[in-house]
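There are two complexes below, and they share chain A, which is joined by chain B in the first and by chain C in the second.
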Partner chain A sequence: MAGTALAPGKVRVKTTSAMRGHRSRIALVNAVPVTVFLLVLFVYPIIGVLSLSLKGDNGAFTLHWYADALSGANLSVLVSTLRISAETAVLSLLVGFVLAHAIARMRPVFAALAMLIVVVPHFISALVRTYGWIIMLGEHGLINSLATSVHLPGAPYSLLYNETGVVIGTTSVMLPYTVLVLQGVMRGVDGRLLAAAAGFGASRFTIFTRIYLPLVAPGIGTAGLLSFILCLGYYITPALMGGDKQTVVAALIDQQVMKQDQWNSAAAFGVILLLLTFAGLGVLGLAKLRRKKTAARRSSS
Partner chain B sequence: MPERTHTINTGRLSADELAAVLAPQSNAPTGKSLSVRGLRKSYSGTTVVDGVDMDIAAGEFVTFLGSSGSGKTTTLMMLAGFTEPDSGTIAVDGRDITELNPGKRDFGFVFQQYLLFPHMTVEENVAFPLTLRGVPKAEIRRRVGETLEAAGLSKFAGRKPRELSGGQQQRVALCRVLVYRPPIVLMDEPLGALDKKLRDQMQTEIKSIQRELGLTVIYVTHDQEEALVLSDRIAIMKDGRIEQFDTPRGLFEHPRTPFVADFLGAANFLTGKVEESTADGSTPVRLDTGGVLKARAHPCAPGQRVRAAVRPGKLRLVSAEESCCSGTVETAVYVGSLTRITVRLDGAAPGTAPLRIETAAAPPRIGERVCVTADREDVSVFDESDGG
Partner chain C sequence: MMELPATRAGHVGRALSATAILLFLAMPIVIILVTSFGTDGIGTFPPEHYSTRWYEQMAAPGGNWATSIALSSLVASLTTVFSLVLGVTAATALARGRLPLHAAVYGLVLAPMLIPQVVIALGLFLFFEPAGMLGSPLAIALGHTVLAAPIAILIMISTLKGIDERLEDAAASMGAGRMTIARRITFPLATPGLIAAAVFSFITSFDEFFIAQFLSTPDTRTLPVLVFNALQFDVDPTVTAVSAVLIALAILALALVALVRKLGGHRNQQGGVLPVEPLT
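Showing the complex of A and B:
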């Protein structure tokens, strides 16, 4: 009796493990197209760019493209790219925080509507959007004519073809990302925690700085870094809304490839941008790892 | 989880220790009195709290007991200041606080969901109310340390709340309140999320701390047993009103409405007509099913239709005598210390519920003819028009 009772169980175990193996093999087969796709269209070109950046005119190994990229005028382009990206990240965080905070407190219908207003411009061609900004920000644009008509001191302002213009443009591009990320985190904050803090006698300022801000901090980090990274390689807006001094790395790459046929140098710039992006992601990853480690250390102590 | 067993073992001890740590060094204010007048609240036309009046003495443990929707939590939230009443006043030691923000009332709150700050360690959580009160750092560290020590939470001081069990989290929430010794502590089903064993233990802790420190505690629960164990007085709530506000014994033995009689424990309801009252001061009720049941004195005219309520444990099976009601045993179930019996009275209309009786005496056989009576002090009388 016992034997017969056991037997089906054994059989079942066997079939399930066999099926599991079968299933994972199928999964592997399913992954083949994606893997091939990524290898051909992503990994191979990157390796190509990398080898291009390390090849001299005579085909021998050299680092002089990198030396070029990191010196003189090229270095200042790199620095201004980093600066514009950082300014954009900070500004889109500030504006995004205010917007996301307002949206997170709205009733669902209005919140959805507000999100739509924030996100929809993103679906419009970047070129069109940028020209929209040019119309708004020009010397006789909407903003300046408004400012002059109410006699604001210093009006009209130069809001175009300088760094201000570039940062305004890139910020508007990055805003949907920061708002989306921040709003998600803010929605997750338990309002009762804030009420509890108020119950203990905390002022609104204290609640904001000691409860709310720390709770949304991970979102702030992610959103800031995201817009920084996206901005590093951004091209159209700086090219159209910046002046001569606002050349960014992406524009430089374009120039070298399209006008000077200088692929090796362009490749070196590309690799540098890629490394900077990785560095940004690395910072984010490290911060997460540190948080996990401290948590682990606490629970083990 | 080994930590958990550890805290269960030390739990009972730590409650007394905690009280001992907190009490002597106190310029600690003991509890304050609270008085509530005409508190009302309605949400979009639905009245949730409909005129609550009560006076709570300093150091008293008062529980709002009621089913969900009875308005008990809304009442507590109005006392706390998280919900604004439509009308009515709340006063602490005679000072009107109706308009004050929650933070200005200096109450302590313990919620069912604990609401510990997830980004702060246990230590930081407990220290939070003190830092808001501008207590010097060294003093904060000392008081937090002592409170955690007494609650058996010292070794968790550096942990985040999510790394603790439910019972530990609730103990932290309790510490976070007790550390600043608020004169009045409001608790909204604080043990609702814990399992039975932990609940019992935490009840003992809460009660002994409250007694030692002389705190005024206002507690909300839907758990009768919890209310009976903890409370000096219980306010039974129904449809936004207080049905009765009394000691547990008072509620049990002298229910003022049929609802209260049935809500706490269970009650058998028997309809009948009041007869001419006798010399012993009791109110004899001629039951519709036949027989007479003597009830305690109740202001009512002879001939008036009433409902008599008797608890299952107060009904006695007797040999036939004049004022008893005869019937037939339908079921008898032995449940350990006593036997649950149902008796169908002779004149009972078909479809009515049989009498429920609990007895520790030798149970009768099923189908046996019995006679049922009760001491008159155990029989409450209500006008038939009273609901419940």
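Showing the complex of A and C:
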């Protein structure tokens, strides 16, 4: 990371304790703007959501909105959000794994080109990409005209305005994350381990399941959870590519605020999403901590 | 690196599946670019006749589209200014100083990237609604800064970490003052990062839909809000041209960042743009 303009080695000008004090003062001053900004416009509003979700019409404490959110039609929206997120996580893991694995073994030029195609869409408005999918997946879209022209059984397929469409759309949105994470772990795999196993007569399948997969497992976990979490609050694709039945929590919140003036109920849904996200992040954090501990134990023994 | 020898079947299989997936990713974007020049808008693909009709419609002065493009540009510019200020100060604190509570501040900075945007949008709605600020470009820009600032901060952190602090120490040991060091050494070295942070802040705001949707009124709708409405309710083929422009804008922005980084001697780092690295 550091530039190589000067001689190698970490020869630093000695920092006296006075200088160190000065540095932490400067750091404190510089940390103020972002901290204040995020406390006022991020943390405080979210606390506002939390308190609204616990307030009844008369202002008294109530869990009514949560009971409401976790029953009947509302519960089924929550369940379908979780299902869509899980499906997206699995699909983007599978597709991401195949792609990352292929990229890892490509020649550098092709690998760079492939990464470009993966990463560039991430910076293009999700609305626009979703629109592209709508054009492509429609009844007379590219996919279906291709499928009918080669007489695939069952064509044309209904790929739009149902859960299939939503999951295809969200998967393409999450794919840059999964590919980047998986690529990171795949690059770290020591090829000599695989070659050694082959030298002892292990079959390709055994090498893959017993050596390669365990080595990249942490990345698989992170990538899957990350796309699950990011999918939970996703709105654009389900709203535009889903049918009437594919309401997700984010769409419900939007509806309740914009059309029905049910802010309390929307807030309760927001808090539920928040808690689910925290749970996912907690699992990620714990896994990371455990990996660190095992690594420390291994290096000390 | 030593590897297992590749079998022919494995090689072909990998190449085919990778190509298929990459095509799948690129096709929606290519289709929009092509369709936007078609005469019949959202008709058949590929279009039978080509024209720039929808682009003219989009740019028509006084129209819905032109108004929202102006509003989005204003909001995105404000967001860029805010998030650069926050980005530079916060990155200085996080990358350089010995900041007490470093982990807490860093966590706070990362949080907006991972918290569901609908929750942030709802919170901002509840925050600005009582103040009567719904529909105000300033409110939308402040909301967008919540999302853009973390990106700017991560980019600036990786930029500042990439600058050899010994250069600054050397200047200090030769008697350069703090301001001189910042102006003559740190700033020139950090310029590529600053430009990247500005570009990503701008497009984050320009493309942002959810917060804008919650904070907008029927009179003030940013471009993405208008695009969403056009897609969900009335099918206006102009939206294809608008989408193509948004694609071009994103690609131009990325090209600009890549160019600046190359001129600045950086090696193609995607550093800090996706919240992937801090998590793994």
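Note that in this section the second predicted complex is superposed on the first by the 272 of 301 C-alpha atoms of A that agree within 3 Å, B and C clash if a C-alpha of one lies under 4 Å from a C-alpha of the other, contacts with A are read in each partner's own complex, and residues count from 1 in each chain.
The rule is simple: contacts are C-beta pairs under 8 Å (C-beta built on N, C-alpha and C of every residue); 3 or more make two chains touch, one makes a residue touch a chain.
All values derive from a computational prediction rather than experimental measurement.
In the superposed pair of complexes, A:200 makes contact with chain B only, with no contact to chain C.
By the touch criterion defined above, A:73 reaches neither chain B nor chain C. With both structures placed on the common chain, the touch criterion links A:274 to chain C but leaves chain B unconnected. In the superposition on chain A, contact is made by A:125 with chain C only, not with chain B. In the superposition on chain A, no contact is made by A:60 with either chain B or chain C. Once chain A of one complex is fitted onto chain A of the other, the partner contacts of A:150 are absent, as it touches neither chain B nor chain C.
Touch criterion met: A:192 reaches chain B and chain C at once.
When the shared chain is aligned, chain B comes close enough to touch A:211, but chain C does not.
Put chain B and chain C next to each other and count what each touches on chain A; the higher total goes to C. Common to the chain B and chain C contact sets on chain A are residues 192, 195, 198. Every residue of chain A that touches chain C in the complex is listed here, in rising order: 1-3, 5-6, 11-13, 20, 23-24, 26-35, 37-39, 41-46, 48-49, 52, 95, 98-99, 101-103, 105-106, 112, 114, 117-136, 140-142, 172, 175-177, 180-181, 184-185, 191-192, 194-195, 198, 204, 207, 218-219, 222, 226, 229-230, 232-236, 239-240, 249-250, 253-254, 257-258, 263, 266-267, 270-271, 273-274, 277, 281, 284, 288. Those residues of chain C that touch chain A in the shared complex are 1-4, 6-7, 14-15, 17-18, 21-22, 24-29, 31-32, 35, 42, 44-45, 82, 85-86, 89-90, 92-94, 96-100, 105, 108-109, 111-112, 114-120, 122-127, 142-143, 145-146, 149, 153, 161-167, 169-170, 172-173, 200, 203, 207, 209-210, 213-214, 224, 227-228, 231-232, 239-240, 243, 246-247, 250-251, 253-254, 268, 270, 274, 276-277, 279-280.
Put simply, chain B touches chain A in their complex at residues 80-82, 101-104, 106-107, 109, 111, 113, 115, 117-121, 128-129, 132-133, 158-160, 163, 176, 180. By the touch criterion given at the top, residues 190, 192-193, 195-203, 206, 210-211, 214-215, 217, 295, 298-299, 301 of chain A touch chain B in their complex.
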